[in-house]
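Report on the structure given below.
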Amino acid sequence: MKVLFYNEYEHERKEGPAREMYPGGIHTVLSEQLKKIDDTLEFSFATLQDHQQVITREKLKETDVLIWWGHMYHHKVDDDVVTMICEAVNEGMGLVVLHSGHESKVFRRLMGTRCGVEWYERQDHGRIWLLDQTHPIVQGVPNPLEIEAEETYAEPFTVPVPDELIGVTWWKGGEIFRGMSVYHRGYGKIFYFHPGHETLPSYYNSGIVKAIDNGIHYVAPRVRVDEVTSHHIEPHEP
Amino acid sequence: MKVLFYNEYEHERKEGPAREMYPGGIHTVLSEQLKKIDDTLEFSFATLQDHQQVITREKLKETDVLIWWGHMYHHKVDDDVVTMICEAVNEGMGLVVLHSGHESKVFRRLMGTRCGVEWYERQDHGRIWLLDQTHPIVQGVPNPLEIEAEETYAEPFTVPVPDELIGVTWWKGGEIFRGMSVYHRGYGKIFYFHPGHETLPSYYNSGIVKAIDNGIHYVAPRVRVDEVTSHHIEPHEP
Amino acid sequence: MKVLFYNEYEHERKEGPAREMYPGGIHTVLSEQLKKIDDTLEFSFATLQDHQQVITREKLKETDVLIWWGHMYHHKVDDDVVTMICEAVNEGMGLVVLHSGHESKVFRRLMGTRCGVEWYERQDHGRIWLLDQTHPIVQGVPNPLEIEAEETYAEPFTVPVPDELIGVTWWKGGEIFRGMSVYHRGYGKIFYFHPGHETLPSYYNSGIVKAIDNGIHYVAPRVRVDEVTSHHIEPHEP
Amino acid sequence: MKVLFYNEYEHERKEGPAREMYPGGIHTVLSEQLKKIDDTLEFSFATLQDHQQVITREKLKETDVLIWWGHMYHHKVDDDVVTMICEAVNEGMGLVVLHSGHESKVFRRLMGTRCGVEWYERQDHGRIWLLDQTHPIVQGVPNPLEIEAEETYAEPFTVPVPDELIGVTWWKGGEIFRGMSVYHRGYGKIFYFHPGHETLPSYYNSGIVKAIDNGIHYVAPRVRVDEVTSHHIEPHEP
């Protein structure tokens, strides 16, 4: 399973709470956590700094699943790279969009909507209720999945109705959020999952890590567009 | 708009808090509240005591929308009446299922599932977040819709994935609930809406009353099965 | 994979074209076809004659997937057996409903609708177009999947909107049919697939057999209701 | 009801069969047909030639529904205009996309997919089967809706699963097409409807005209984003 992990990697390079929480970056810590429970994952990495060099059409062709974490610098992501990624998803590549990636160019373009959320800065207790316990993404994940402290993302979340609504988050502060969903686009699938503020320990939470691991496997391609033969048929009668 | 309101009407006939809250029965109070804001509604009523006499095939044929409130005596509802109602819904009659009606024979048979909920007796603060503000059912309803105190119905709610998920309830106690949904069955539509414990003032809450009024209009039939001509066609080639 | 195959087995016991096409019964022939391509399947069988003896609660508990083929004698299937099966599906057992099983008590009760179809007796050329080529059920199945001759089932098919619409059948005679769909009910999944008239060779068609095999694996339970721990939580604040 | 009708208007300006079929352009003929059955519609028009002048932010703000017909020159439509339209749809404006508009920049951007179809040049007999006869868009439309001759658009149609699948087209030549669907994006709704080749008489077909008229009313906004008050709430506990 070839996983390409894009992490903006700006917060954690500067001295401060993000670097303390995720030394080496969110991509380094989360990939390590994932590898502890799943030895089939082979990671490579891209950051804002090098994404134009790393994320090429060739790289995407050999990638099973792309993970996307970005926050402050969505506007600096190269438009041609975004186009290539959206094409690759439509051709079958899986995509996992984490946390503030909901406002990334990639996610917004695939959704066709603004992908806005209501947003509160407090570090609130969240609790994800799993709506379909038979879904592959929630196997081995506790129900509910408790999140000690997270940034509050809340409805209205201006996305299309999810193709698969897997979990809804309850916030102690009074909100809810459809923050665990799957969308289908072309031959590809997209898993959006909301935990992951850069200064909070969500990516050390075993239930969250398990859900991301399951999500990677769920959106990995079964088939890609170039493996599909033409559907052109001879007309029924001449 | 001909609305037939079935209320079990056992709690409110006995001395106690239900009778104090809803003198004359939930059906009497809620229909009065609805008529205050909508003069197109013509109500008739059925209760557990008389439902076998009132709910006949002829009555259902001239009914646009049936409202169902039941709680303790689902098992005493006549099976033949249940069958007639399910048939009428499939033929186009609208159905509004309130509160504990989620476990009624009618709702369970139309869903094909157990329709169970997690249930907590505390009178908790609920807050319904409206997911689609363009939906006819939420026009004129505040978002969020606050419920001062209600019986907690919570996930897992063992129903099929709703055809239209309109609202999700947040509970102060820590749960969520898909308690405002529309399901399609045959030519009929079903609106399930969770507020309405017999000792609590939900049916005096103007937002809840407005949503029920909108719901009645939304599930009212546009077309009934006997107005539809046969779809049999001549085969394309002899 | 423990598969229990219910076949009404009335047509094929009498001398005539059904017995010639499916000697030993549809269940015998189709299970043999399936075993040729999948050695994980362990079959047991029930028929109209013995279904009350064979289909017990214990049997259903150890069954992964139930296949259902019935036609003329739906009304003779025991109501208690039907109830047990619907319960088992809600608890996680998979169900594959074939051909005229669309009007079985089991399917109708799980759907909550009449499950009627328009029906034409001619043996028409059908062509199933696969709408989602990434779906597990269509892997290895040609697109389109040609059916030499089948009984025409056509819209309107009075079922709920499928949770997963996998294929739509084109008929030479001029109709279409949503005859390849998955429905979710409780912890269980149901695969409906329309080919299989008792005098026609559909169950020798390798694409149809492959789709049924995939369907068995797709609806097989990942989790059953009794493996799920209680979701009751302590209220957030005392 | 203010309807802005964009027609590319290149085919019909040149001498030939398109001009003979639709003198004055598709927009002229179809709007006349619509006004014959609906006197609430007020039309204005844009073409490829003048779309940058006509389709401004102010114009879109006062437009209820935009109709889009384009074919050969999608690539010449101004990107900023496309962005404004997609924003307007997300803010609540209705959109009706006709025929070859499936490959327009506007539709593709709102879908997030390629929106490709299989395509055959023959003028084939099509027949649209209506899947939900209770839907507002099909009231007064015959089922099936016969199309004498049309360009064949066929599956795979690489769009997301429709939010509302209203009709599926059968083609005499052997294909099917999900060519009558509604998609929700933000506060807006989009109706895609496939008939309308520039040299064929579909926009004189009374059933097709009726469906387009119903579609205009169905996607017209009930509410726009700026009429919605903020959802920000005070946190539950300080």
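Chains: A, B, C and D, in written order; residue numbering restarts at 1 for each.
Definition applied: contacts are C-beta pairs under 8 Å (C-beta built on N, C-alpha and C of every residue); 3 or more make two chains touch, one makes a residue touch a chain.
Just so it is clear, the model here is predicted, and its values are computed rather than measured.
Over half of the residue numbers found at the chain A and chain D interface occur in both copies, marking it as a same-residue contact. Contact count check for B-C and A-B (C-beta pairs in contact): higher for B-C.
Rounded to whole angstrom units, the spacing between the C-alpha centres of chain A and chain B is 38. Centre to centre, using the average C-alpha position, chain B and chain C are separated by 32 Å. Residues of chain B found to touch two or more other chains are 132-133, 155-156, 161, 172, 174-175, 184, 231, 233, 236.
On the chain A side of its complex with chain C, the touching residues are 92, 132-134, 136, 139, 143-144, 172, 184, 187, 189, 221-223, 228, 231, 233, 236. Residue ranges of chain A in contact with chain D, taken from their complex: 86, 90, 109-114, 118, 120, 122, 124, 154-156, 158, 160-161, 163, 172-175, 183-186, 231-237. Chain contact summary for the complex, chain C toward chain D: residues 127, 129, 131-133, 155-156, 161, 165, 168, 170-172, 174-176, 178.
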